[in-house]
Each structure stands twice: as C-alpha cells, then as structure tokens.
Amino acid sequence: MITQYLFYFLTFVAIFCALLVVFSKNPIYSALFLIVTFFATAGHYFLLNAQFLAAVHIMVYAGAIMVLFIYVIMMLNLNQEIEPHKSSLIKIAATLCGCVLGLVLVAALRETDVVAVSDYTNPGIGLIEKLGNVLFGTYMVPFEISTVLFLSAMVGAVFLSKKTIH
Amino acid sequence: MQLTNRSKQVADTKMTWLERIYLPGIFKGMMITLSHAFKKAPTIQYPEQKRPIAPLYRGQHVLKRDDAGAERCTACGLCAVACPAEAITMVAEERAKGDEKLYREEKYASSYEINMLRCIFCGLCEEACPKEAIFLTDRIVPSTFQRRDFIYGKDKLVEKMDQRIDVSLRQTNNLAEFKKNTSFAHNKTS
Amino acid sequence: MFPIILLLLPVVSALVLLALPSSISKKVAMGGSILSLFAVLFTLNTLRIDAASANLVFNKIWLSSLGSNLSFSIDGITMVLLLLTNILLPLIILSTFNREINKPKAYFTMMLLMQSALLGVFMATDGLVFYIFWELALIPIYFICLFWGGEGRQRITFKFFIYTLLGSLFMLVALIILYQHTLNHSFAINDLYAAGKSMTMEQQAWVFWFFFLAFAIKMPVFPFHTWQPDTYTNAPTQGTMLLSGIMLKMGTYGLIRWLLPMVPAAVSAYSNTVIILSVISVVYASCIAIVQTNFKRLIAYSSIAHVGLICAGIFSYKAEGIQGALVQMFAHGINVVGLFFVCDVIQRNAGTDTISNLGGIRTVNQRFAFWFLIIMLGSIALPLTNSFVGEFLLLNGIYQYNAWYAAIGGLSVILGAVYMLRSYQSMMLGNTSSNTLTFASLKKSETLFFSVIVIIIMVCGVYPKLILDIAALDVLKMIVH
Amino acid sequence: MNEIIIVAGLGILTLLAEIFNFKKILMPVIIAGLVVALVVAVLELQGSYFNTTFDASVLGMLDFDRFATCFVVLLTTIALLWVLINYNYFVDESNKADHLALILFAIVGGYCMVSYSNFVMLFLGIEILSIPMYVLAGSKKNSLRSNEASLKYFLMGSFATGILLFGIALLYGSVGSFDVYIIRAKTTSADFVMTPMFTVGIIMLLSAMSFKASSAPFHFWAPDVYSGSPTSVTSFMATFVKTSAIAAFLRLFYTALPFVPETFSRIFLILIIASLFIGNIIAVFQINAKRLLAYSSISHVGFMLIAVLFFADPRGIQALYFYVAAYSITTLAAFMVVKIVGEQSDGDENIFAFNGLVKRNPLLAGTLTIALLSMAGIPPLSGFFAKYNMLFIALNHGYFWLVIIAILASLVGVYYYFKIIIAMFTGVSSSSVPIKITLTQKVLLLILTLLIIGMGLNGYVLEMI
Amino acid sequence: MLSSEILYKIILILAVFAVTLVVAMWSTYAERKVAAVLQDRLGPNRAGPFGILQPMADGLKMFMKEEFIPGQADKQLFVLGPCLAMLTALMTGVVIPWGGDLTIGGHAYKLQITDINIGILYLLGVVSVGVYGIMIGGWSSNNKYSLIGALRASSQMISYEIAMGLALISLIMMTGTLSLGEIVGQQDAGFANIVYQPLGFLIFLICAFAETNRAPFDLPETESELIGGYHTEYSSMKLGFFLFAEYINMFISSALIATLYFGGYNFPFQHSLGLDGNMLSMLQTFVFFCKVFFFIFFYMWVRWTLPRFRYDQLMNLGWKVLIPLAILNLFITGIVLGFRNGFFI
Amino acid sequence: MEIIKGIPLTSYILLCSILFSIGALGVLYRRNALVIFMCIELMLNSTNLLLVAFSRYFNDTNAQVFVFFIMAVAAAEVSVGLAILMLVYRNTKTTDIDALNKLKY
C-alpha cells in the first residue's frame, strides 16, 4: 500500500518538477528543480530495489553534474533569463511538438503488456555484488573502453577551457 | 647592517624531498602548538584582577577644589596654552556677587572642557597650572559609544565635594615641595 | 589486340605531349594522331582480309562482380566511325596550325583523350564500358568548351553538359534494367541483346525510350536540340569540329549498335514516332537555318537537319537506310568539319561570322572561295560528292518505310541548297565589305586542310564503294538478324 | 580488437608526449602506429593472424567479423590519409598533443561503432566518437563560428543521444536483451509479435542513427557544423565520422534487426528522398564551399541509405562499402584543396576564393575537379561506380521511381559541383599569386587523385567485403 | 516490523539528533576553548563554570538578532540555503554505528539507525549534495564576496570528493563491503584499518578537512579576503545554521574517520574485560566518543597551527597531489590484494 | 520482494515517456543553451528510470549495468558540454542560442 502511495507521490514530484525545469524563467531555478526531479527518480530506484544505482545516481547527477551546472550558472552570472525576442510562434510550435511526442509515446505504450517474470526469487539484482560481477564479467570490454571516453572528455574539457596564448 | 642577533639568514635553497612533502614540518608545527597547551595562560581576569599601575601613571584629569570647596581654577588659560594636543578649551567669567564660596578667585571658568579623544595625557597642563587646579589622576577614562561623550565638561572634571579625589598619590616629593612654596600667589590663603 | 592499341595510342601520345615542352605540343599531337590514323588503316586492312580475326577483339576480365568486362571489338560498322574519327583528328589538329592556342599542352591533351574516349565508345561491346566511354567523351569536350570557349561559355557549356548527362543517366538506367534481365548477369552486348529480346513489351518500351533519350540528346533530334546551336557557336573551332564531326555520331552509332538490335519489339512499335520526330527535326532545323544571320549557327542547324535524316534512315530499319546512315555519318563528319574550318578562316580574317557583314570574299581570295564552294556542294549533297550517296540511300530507305516521310525528308536537300547557297552568295559574292577587304591569302596548313577535305569529298562521292564495302556485310547481318 | 588497443595506446602515448616532451617525433610515431594498425587489420582480414587472441567475453561485446574488419581497414585508411593530409595543421599547433589524442580516441570510437555486437558498445562508440568531435569542432577557440559549430553540434548530438538511448531502452523492453544476436534470434523467431513499444523503439533508433549520419530531415546541424569547424576537422567529420555512422547504421540491421528495413521501408524512403532533395537543392544556393560540401554530403547519405534499405541484397553491403570508401576518399581530396585554398584567402572558403585556381595551381584545381566530378558521379571515377551500384540495387528491388528521383537529384548535384569547377576554370581571381604547396602535399594530391580514379576501375574495394 | 523496534528506532533517531546537536553546540565552545589553550589564553569562562554555558548564550544571541534579508537577494533561495546545509549535515548521522548491540528484554538492538548495504555510498552521496546549501546561499545573497565564496566552496568540494572517493575505494577493496557496520565488525577481528591503509587515511583526513571547509581549507569563508565568504550576508539564526552545519559536519567526519580507520567503537582487548553485553556496549560507545572527540580536537588543533592555503595551492594539492596519490594507493592496494588472493600465482 | 506489487510496469513506462517528452519539449521550447542541456539530462534520466524498471520486472542485471554506462557518459558529456558553453560565453557573453547566428548564409 505504502509503496503505491510513494510511487504516486514520487511520480507527481518528478513530473511537476520536470515541468518547472522547462518553464522556470530563471536558469538556477531550472537547475534546482532538476535536482528535485533527480531525487524523485532516485526514490523510484529505491522502490525498484536498485539501491546501488540510486546512490550512484545521487552522487553523479545531483552531486557532480548539477553542481557543475550551478557552478557555471553562477560563474556566468545568469541571474535572469534574457530571452527578449523569443517569438511566441516558436513557443507554441515547440509546445505542440513536445505534447505530440508525449501523446504519441503514451498512446503507443499505453497498452504494452510486457511479460514480466513473475517470480522475484532473485532480489539481489540491484545489489552491488551482482552488479559488480556483471560489470566486470560480461561488460568488461565496455568498461575498459569507457576509459577512453573519459580520457577524451577530460582532454577535451581541459583543452577548451585553457586560455589560448597568442 | 645587523641590528639584532635574532635575524635569520634566508636562503632560496631547493627543498629536500622530506621538506617537500611537508608532513614532518606540519608535525613539528603541531607539536609546537600543542606544547603551548601546557603552558600557563598569562591572562589577567581584569575586573577581578588588576595589574599594578606605575606611580607616575597619568589618567583622567580632575579640577580640584580648595578645602573650602571653592574651585581653584581661575581660567588663566595657561593649561590650554601648554596643551600640545589642544584638547583644552575654557570660557572665563567674572565672579558674581555671592559666589565667593564657589570660586576662589575673582575670575573663574564658566566652562572648562577637555576632549579626551585628543588628550595625550602628557601632564603639561598640570605643570602649567599656577593655581594647583588641574591634576592628572590614576583613574581610567571610561569608554563610551558616542564621540561627544568624550568631551568632558566641568560636570565630569570638577571633583565632587562628597567624593574628593586624592591627587597626592602621584605627587612626587619634589613637586610637593615646590607647590608648598608660599611665595607663590596661589598658595596664599585669602 | 587492335582495339586496345587504338585506344591507348592517343593516351600515350597525350602523355608524351605532357612530358615535352609546350612549344612543340602541336607537332607531337599531330604526330600522334597521324600514328593513330595509320593504326586504324592497318586495322582496316586486317578487317578486309579477315573479318573474324581474333586481333579485332579484345576481352579482359574486369569488374566481375558487376558483370562487366573490358571487351571491345571492331566490325564494319565500327570501322566506319573509327576511320572517321582518326581521319578527322589530324585535320582538327591541323586546323590549329597558325593559330595561337592558350595552354596548348592541356588543349591537345584534352583532344587526344577525347579521341580515345570516342574510339572507346565506338568499339565497346560491353554495356558498362560503353557507358563509361560515353560519359568520358563528355569531360574533355566540356573542358575544351569551358576553358577555350567564347563569351558566356559558363552557362552554355553547362547547359550542354547537363543535357547530355541527363540523357546518359537514363541510358544507364536502361542498361541496368537490361542487365538485370540477362541470364548470366553480364553486360556483354550479346547477352544484353538476348535480354532485351526476352523482355515484355512494356519493359522494352522503357528501355527504348531511355536509350533514345540519351542518343537523341547527343545527336540532337528535335525537341532535344536546344543546347546545340549555342554550344557550337560558343565552343572553340576545334571543339565545334569535335562536337559536330564526331561526337554527334555517337548518338547515331548508338542507335545502330545499341538500340535497334536490343529491343526489336519496341523499335518496331515506336519507329514511326521517332521517324516523325526526325522528319520534323529535319524540316524545322532547315527552316531555322534559313533565317540564321550567323554562319556558325547556320551550320549548327544544318547539322541538326542532316542528323535528323540519318536518324530517320536508321529507324526505317532497312539495309539501305542503315548503309546510308553510315555513309552519311562519314560524309557529314568530313563536310561539317570543313565548313567549320571555313567559318574559322572567315572569322579569323574578317573578324566576324555574321553573314550580313560579309561579302565579296571571292574577289579578295579566290582559292578560298573555291574550297568553300566544293565543301558546300558536298554538304548539300550534290551528285559526285560524298553526301549524295548517303542521302540517296537514306531517302531510299525511308521511302521503303513510308513514301510520305521520304518526301518530306527530301525537302532537306532543297532547303539545304537554299540556305547554303544563299549564305555562299552573300558571303563570297557581291561587294566587299569593310570586314572582308583585308582577307588574307590562305596559309599552307589551311590549304593542306582544305585539299584533304576536298579530296575525301570527291573520292567518296565518285567511288562510294570505299565506304559502303566496309560495313555492308555487317549491316546485312544486322538486318537479317 | 588489436586495432583498438593499438590506437588507444597511441592516444595515451600522445598525451604522455605532452608531459615527457617528445612532441617533435610524435607525428611520425602516430603515422607509424596507424600504419601498423592498418597492417594488422589487413592481416586480420585475410584471416591469417591475430584472430583468436580474445576470448568469448570480448566477442560478446565486439564482433570483428568480416564486415567489421573491412570497415576497420577503411576507417584506418581514412584516418591515416587524414593525418598525412593534415600534417601541417599539427606542426604549428600549440595544442598538437591534445588534438592528436582526441583524434585517436575518436578513431577508437569509430572502431567500436563498426564492430559492436551489443548496444552498449554502439552507444559507447558513438559517444567516444562524438565527444572528441564536439571539442574539435570548437578548436578554433577565438572564432565565433567555430564556437557556434561546437555548441550546436554538441546540443544536437546530445539530443540525438537521448533519443537513441530511449530507443534502445524500448527495444530492450520489448526484446529483453542488448545483445544483437539474441535480439536477432528473438525477433526473427516465429512467435515474435511487433509490439507498439518495439515499433516506437525502432523509430527512435532510426531517427538517432540518421541524425548521426546527418541524413535529412535530421541534418540541420550538419551545414552549420561543417562550415563552422576548422576545415581539417570538417574533413574528418565528413569522412571518418560519417563512415562510422553509416557502418553502425547498417550493422544494426545486418546483425540485429534484419527484417526492419523491409518493414519500415517507408521511413527509409522518406529519409532517402528527403536527403537527396534537401541536400542537393539547398546546396545549389550555397556560396560557401564547406557549406556546399556539407549539403552535398547530406545528399550522399541519401544514396548510402539506399544500400542500407536494401542491405539484404547480395550486393547491398558491398555497394555501401564501396560508396563509403569512394565518398570518403573523394571528400578527403576535396577538403584538402578547400583547406589549402582557404588558407590562401584568410580562411574564406567562399566559392569566389576558387576563382581562377587553375592558373594559380593546376594540380590543386585538377584534384578538386576530379574529386567534384567523382562526387557528381561522372564515369569512370569512383563516384560513378558508387552511385551506379546504388541505382542498380534500387532497380533490383523494383524501385524504379526511386532511381528516377535519384537521377534527377544527382543532376541537380552536378549543377553545384560545376559551379566550383567553372569558378576554378573561368573565374577571375583577385590575386594571381601562385599557391605554393609542399612536395608531400603534391604527392598526397596525386595519390588521392589516383585513388579516386582507380578505385572504381578496380573491383578490389568492391569485392573486399 | 515490530512496533517496539519502530519505537526503538524513533528513540535512537532522536537520540542521535540530540547528540549531534549537542556535540555540535559544544564544539563551538570547544573550538574557542581549544584555541585559547593552544594560544596560552583562557577562553570563554564567564557563562557558567568555565564558560560552559557559552553555547547557550551564543544561541540565544543568534535567535535574538534581527532577521535580515538583503533587498536584491533571492528570497526563497536565501532561506533555502542554510536549511539545506543543515539538512544534509544532519542526514549523515544515520549510518554511523555508535556502539555495539544493546540487549533489552531479550532483543538485541543495534546502536546504529540503519545499516544499509551501501552505507559509504550513501555518505558520499549526502556529502556531495551538501555543497548545495553553500552554493545556493552564496549565490542568492547577490553579493560578490558571497558568490566567490560559493564558487570556491563548490569547486573545492567537488575536487576533493574525488580524492576522498578514491581513498575510500581502496578501503572498500580491502574490506569488501560498503556497509559501515561490517567495516567496524571487521576491525574488531583484526587490526584497525589505519594499519593497512596509512596513506588512504592521510588522504581521507586531508579531504575531510577540505570537505568540511575547515582550516587550512577554509577558503570559502576567508575573513581576510571575502569577509566571511558565502555567509557574508547572513545574520541571525540563518547564519547560525551555516555555522552549525559546519560543526555537525566536523563531528560526523570525525566519527567517520574513527569508524573507518580507527576501529569504530572497538578498543583493544575489549573482549577480555569480561563485561556483559550491555556494559560493553556502553563502554564501546564511550570509547567511540572519545575517539570522535579526539578528532574534533585534532580539527581545532590543526586550525590553530596551519596557515590557510592560497586558492591555487588548494587546487594543486587536490588535483596534482592527492588524486595521484590516491590512485597510487589504489594501485598498491590492488596489487597487494592480488597477491593475497593468489591472483598472480 | 513485493515492493513493486500493485504498480504495473506500464505505469513506469508511461512515467518515463512523459518525462522524456517533457525533456524534449524543453529542448525545443527554451533558447538558453544551459537549460536545453538540462532538459537533455532529463531525457537521459527518463531513459535510466525506464531501464531500471525493466531490469526489475525482467529480473535482469544487464539493464542496470547499461544505466551505469549512461551515467558515465552523461558525466563525460557534461564536462565537455559545459566547457563548450563557457567557451561560447567567453566570446559572446550570452548563452542564448539565438544569438549564435554567424553560420547562416
């Protein structure tokens, strides 16, 4: 029972805050609402018994990514959104597009009857041991390859942020 | 030019590895601070404990009255002239009939102000005074919040009859001798 | 062996030419082209002795996954065109003597490459190879026109290029369709023939029209001709000669070699339409030629008229018609090159080729007028000139198909006479104008050029068997087949 | 896998070069490394060596089958040529090591994209390729255009990544695996029902992949990014990145979802036709050479997608491979010339900068002409054979009208390619100073020209895969 | 769940909160007192005996002060900042094991609010969220100094979190668990982790200093340059929250250091004392708090010994020294573990 | 575990679809590059949630590992993206993408 209420509460928070992310005038409010959305998602993870991911989610998204965002907003001092010539036509079109996409998705996926496994005899899938085994077993190669990704992201970020000397 | 023996020669030598990791240095520093924990605190709890003050301590001024309670000051202005900080101002007035009890001379200071923020407590006013009217005492000028409160008028400077202030504490023998000399006018009794 | 030698000779001479200093480019190019001419004559000899000689065929495995092989062969029909090409090329190069050419190296390289490509088109017996050479022939001439052409050449040459490319792309589609119907997935011409015949009528119709579009644009036949007069006028003289003298024949050759035997059902169904188009083309072009004020444009339109007749003759699908077409192709090539050289000489000496600005050249330069006269007569198919044989045979063939068409087509001879003679009259006869007063006498090379042309005109006119014999057998074979 | 290790190692070596200061010999080392990678790939292709060094767990993620190895060979060749062509670009660059490392990492991403057998690797490969590209697009840090290109590329690219991921998630939801072979087994089994979720997932995957391959109508970023980025980077994007993207696109169906192109052929046709027309028609109005080439590349994607649509055709994959190879080599040549010319006119890549190029440097003009003719599909250049194959396949499947559309579109294409050619040959240039190029550049130009001419005339590349 | 257990948990939560708050309150007092002691002074001694009631007075003063929100500030966020700081500071206490089991009525109760299996990750997560309070507070003040303070705080915390995480990973590799309860349990059986992870401990210690914005890493609130940094504009209890949060963080990080590296509530020879369970637990809790107080003292000790870093030095230390060191530590740990598990043989 | 009993998988799918659409809407609706970027993060996040839900209902760890990789990539992307944003801001003093119009012909 309580999980259902929790589910609805978290869902409401997630969607409401996601909407506020889009419609807040001030970028920092967008960022803060996004953080709340992330927390709601993390709550969902907990509900889905993926504690490890929930913690990592908080650490990575709320703890690192959004801090960077807010850091940048602060550094660029984007207090008030400056969108003077945003034509309402584009706004309407964008809203329409988004709504249509949402409608299509919802309509298409409304009736999905996914055959879920009925027995949850193996509740440990969200646990770190299990995840670790899969990650370092089956997914060894992508794990190694992702280091290349990080290296390139790092080199790239450093390169872009360096001041050029003429 | 060497002024003291405590100066240390500074050299820009390359630090050794051990110095560069700083940990031993930090440890040394920590030990130094820790060692201070075991030293006796030299604090004096002021209102309760007081430090002894020097006999020559020059504190807040006082305008003395004579034994009969009349103000000694005749508003000659010598103190103001002598004051290097120009902290003293006064207004002189002629003694009115019936005020003989109040003022010793025929002329008196109707207003006498010392700006305590300017005063440097040098004591020259005291020395200049021919009437033995102004003295520096061992009292401390209390702090206040307003600037104007530091301009002391006669209300604060002239001693109250019921709280006579003993100025003899700071008076050296030489001075006492000198002031006892009756050939000076101010020591004459009227 | 011969095909590949013929193909590579111009390329080799182009390479040699590139390696040598530009001052002797002309001579090298000349030498190379004459060498080619000898080679082709030698081939002709072989063909006469033994038409089935293995040396006349070249076959090499090439893009096997595409079903295409490097295969060339030479038969009588091909031979006529090879001969034409290799005779004309020395002449065209000769026409540059005494002319200042900007960047001669590139110019002659382009020409020699063009020659190679043209020979490839004529000799190819593989669909893809044919297509490649077909397109390849376009590139050098495009650059010749673009780089050495006259005012406004960017637009005009581009139009020309797009037109021909459009046509050839449709031909490519037709080739692919044919290829897909071959049994053993091959582009070999015989397989394609077989495939074409095996197709349904509707498919044949598509293939037919796609092929025809490509050839019609190249020839050109009304209503695909609009690129031609502008391009002829605009191109440098040698470019025009190449275009009209040889390239044009690619279209007519294509009809004979690729279209007619490929989709017989469609040919018989649509030949009427095509012949009507051709006849319209003849009359229309002739009429327009009459009102032309510019001599070069006039030749261009006359060329359309001639080609129209050739096209009609071919589609009559009679031995006479095809024979006539071959002879006329040869003759037209020679004549039109001669005419364009005439035009070039006039242009150089008088500074203009507007007919009304000229006049009385005969009084200034009689020999030139004489050469011009003979070439002109050849062009209007006077008996004893080479064209006469061709036109006669063509009309004969068309007549067998339909007398009315022959009658209307025959108008071309009369109309041709009208515009040619009129222009000759107003340019050569009458009073000299300020432009023609200083008409210089002919240079040695020019005389040589004209004499060769005139000799060929006369010889072929008097003894047409020379040409007729080469292809007679093959034409018969084709008709019977 | 060997190539991945070699190139990733090279990348790390490059970063170390910055620290240990051996930047001088860096370029030769990298070129040598790439050559080694190429040789290894070719040896693998011939099946002689190296094929059994990695166990099944590696192969569960990456599958170096013939398809993958062939594309690895192609990608390595492109990369090698690119490095050679842009040798000068790196000589006077202060951030040489950074740039090179990014490029090398991007190459690793490309390898992953052509050899994935699990969607994780597809996703990672795309990202490893994209992230260096986002950075390199903005590598001209003081140029507003470069910045803009970078930002647009980045935003659009991440958006597409989001869509791709959602598509993968939905696909997973309806099939239950990320492994392409399992997906193939499940989706091709008899009792597989196409749920709406599956369909939506596929459509999202398609959209994202067509974005990465810059096919219309997901092409908006391409012209801006191509024209804003430094020319060297643009040439990398137009060749290497596009090749990887198209290969990944094809591999998706080749390995995982063989029935999808048929089932969703309408979507493909829309993509193809839109690419052909949008690419070609908008290119007509361009006056910036890089932008023009960008639009032309969009139209080329239209052609490539024909082979993706009909990949089940016995010649489908071959045709695509050849097309991509021909297109890449041609584009490399074209961009090389554009870059040299652009440098001469202070980074201005307008078509007018090409005016009278033939007088200033015939070799450059010649190479560009050949390249453009090849792109226009004029025989016997490789571009012709490439397009020919595509038309052939389309006809094979009875898409007659598609062929007609393709032909009309490529005729339009001829128009703008010739705009540059005409400018080169007849335009009056503002300066008549001859453009000097180094001997290496000359040799490279010649090699590229020969490749463009020779690739089609020789069936090797076509039959390689 | 048993209702008694729920009741117990509620009591424990309240107790932990209370203890945390009390410790934090008296930490302020301790700070001043320790400072005085180390500087040969007396420190606060007027309020109550030895000034022990000083925190009360301070708190009272804080409450009585005027609430002031700058006109240009973002009102909501200005209030949200200190609240967040306080919230995240308080959230960390739930996973720390404060002592052994208490047996009441035959039922064993753990002296730990919850022993979730990802305890360390939870801690890292909460700590990483902790920076928001400072950032939001600093930004919403609309003051240059506050903003710079907030920027410094965020970059500093993010930078040092990495090294801290890496140091912890070595520890996790060694212990093989993320649960703090288990880590403490393991140290009961063997040596304290400091013996195995001296370098990791050092890194963790330094990072803990940086994460709590304590001297010598108190760049975000440097009085001399930033007039108090992110809380320049704050007054009254909102300022109190910020200060309080800092002390709570200090307390919790001391507790963490003790738990992770110094055996938690264990002490040598505890089982040979012959005490019964509950007594032992009490003693253990006492020992644990002793350890914690030592580290709190250590914090203060360091504060009054070492001078503050310059900003670039701070970053250099974090990125160029600590992270490589942590990676080295990780590497060494990996190799040693590999040898121990026979991976290389 | 009956923790998710009573909540059908469809609910999660719908939730994720809606979140995804809101993200996409934001990308189209907003002009500020930073906010667009945030909305993209929102989209990635909805994907993560969807995968986790699937993983729970399929009892399959693979999806969670995939989420792990998505998070990793998102982090890398953010670092590069913000660097690019800063770069743009340094030159234009704005993050409004409409101000970036140098690349129109």
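Note that the chains take the letters A, B, C, D, E and F in the order they are written out, and that residue 1 is the start of every chain.
Definition applied: a contact is a pair of C-beta atoms (placed from the backbone, for glycine too) under 8 Å apart; a residue touches a chain by one contact, two chains touch by 3 or more.
Predicted, not measured: the structure shown is a model, and the values here were computed from it.
Trainee: In how few steps can one go from subunit C to subunit E if every step must land on a touching chain?
Mentor: 3
Trainee: Name, by label, each chain that touches both members of the pair subunit B and subunit D.
Mentor: none
Trainee: By C-alpha centroids, what is the most central chain here?
Mentor: Closest to the centre of all protein C-alpha atoms: chain D.
Trainee: What are the two chains with the most C-beta pairs touching?
Mentor: A-F
Trainee: Where centres are the averaged C-alpha coordinates, which chain has the largest centre distance to subunit B?
Mentor: Max centre-to-centre separation from subunit B belongs to C.
Trainee: State, to the nearest whole Å, the distance from the C-alpha centre of subunit D to the C-alpha centre of subunit F.
Mentor: 27
Trainee: Centroid of subunit B to centroid of subunit F, CA atoms only: how many Å?
Mentor: Whole-Å distance between the two chain centres: 75.
Trainee: Distance from the CA centroid of subunit C to that of subunit D, rounded to the nearest Å?
Mentor: Inter-chain centre distance comes to 43 Å.
Trainee: With chain centres taken as the means of their Cα atoms, state the distance from subunit E to subunit F in Å.
Mentor: Each chain's C-alpha centroid was found; their separation is 33 Å.
Trainee: List, in ascending order, every residue of subunit E touching at least 2 other chains.
Mentor: none
Trainee: By the touch rule stated above, which residues of subunit D touch at least two different other chains?
Mentor: If we look for residues of subunit D contacting two or more partner chains, we find 120, 124, 127, 131, 134-135, 138, 141-142, 170, 173, 197.
Trainee: Which of the chains are touching one another, listed as pairs?
Mentor: Pairs of chains that touch one another: A-D, A-E, A-F, B-E, C-D, D-F.
Trainee: Using the touch definition up top, name the residues of subunit A that touch subunit F in the complex.
Mentor: Contact set of subunit A toward subunit F: 1, 3-4, 7, 11, 14-15, 18-19, 21-22, 27, 30-31, 34, 37-38, 41, 44-45, 47-50, 52-53, 56-57, 60-61, 64-65, 68-69, 72-73, 75-76, 78, 81-83, 85-86, 91, 93-95, 97-99, 101-102, 105-106, 109-112, 114, 116-117, 119-120, 122-123, 125-126, 130-131, 134-135, 138-139, 142, 146, 149-150, 152-154, 156-157, 160-161.
Trainee: Quick check on the complex: what are the subunit D residues that touch subunit F?
Mentor: 119-120, 123-124, 127, 131, 134-135, 138, 141-142, 144-145, 147-152, 154-155, 158-159, 161-163, 165-166, 168-170, 172-173, 176-178, 197, 223-224, 227-228, 285-288, 291
Trainee: Report the residues of subunit D in contact with subunit A in the complex, numbered from low to high.
Mentor: 4, 8, 11-12, 15, 57-58, 60-62, 94-95, 98-99, 101-102, 105-106, 108-109, 112, 118, 120-121, 124-125, 127-128, 131-132, 134-135, 138-139, 141-142, 170, 173-174, 195-197, 199-200
Trainee: Show me the residue ranges of subunit E that touch subunit A in the complex, using the header's touch definition.
Mentor: Within the complex, subunit E contacts subunit A at residues 77, 116-118, 121-122, 124-125, 127-129, 131-132, 135-136, 138-139, 142, 147, 150-151, 154-155, 157-158, 161, 178.
Trainee: Any idea which subunit D residues touch subunit C in the complex?
Mentor: Touch residues, subunit D against subunit C: 315, 318, 358, 373, 378-380, 384-385, 388-389, 391-392, 395-396, 403-404, 407, 410-411, 414-415, 418, 421-422, 425-426, 457, 459, 462-463.
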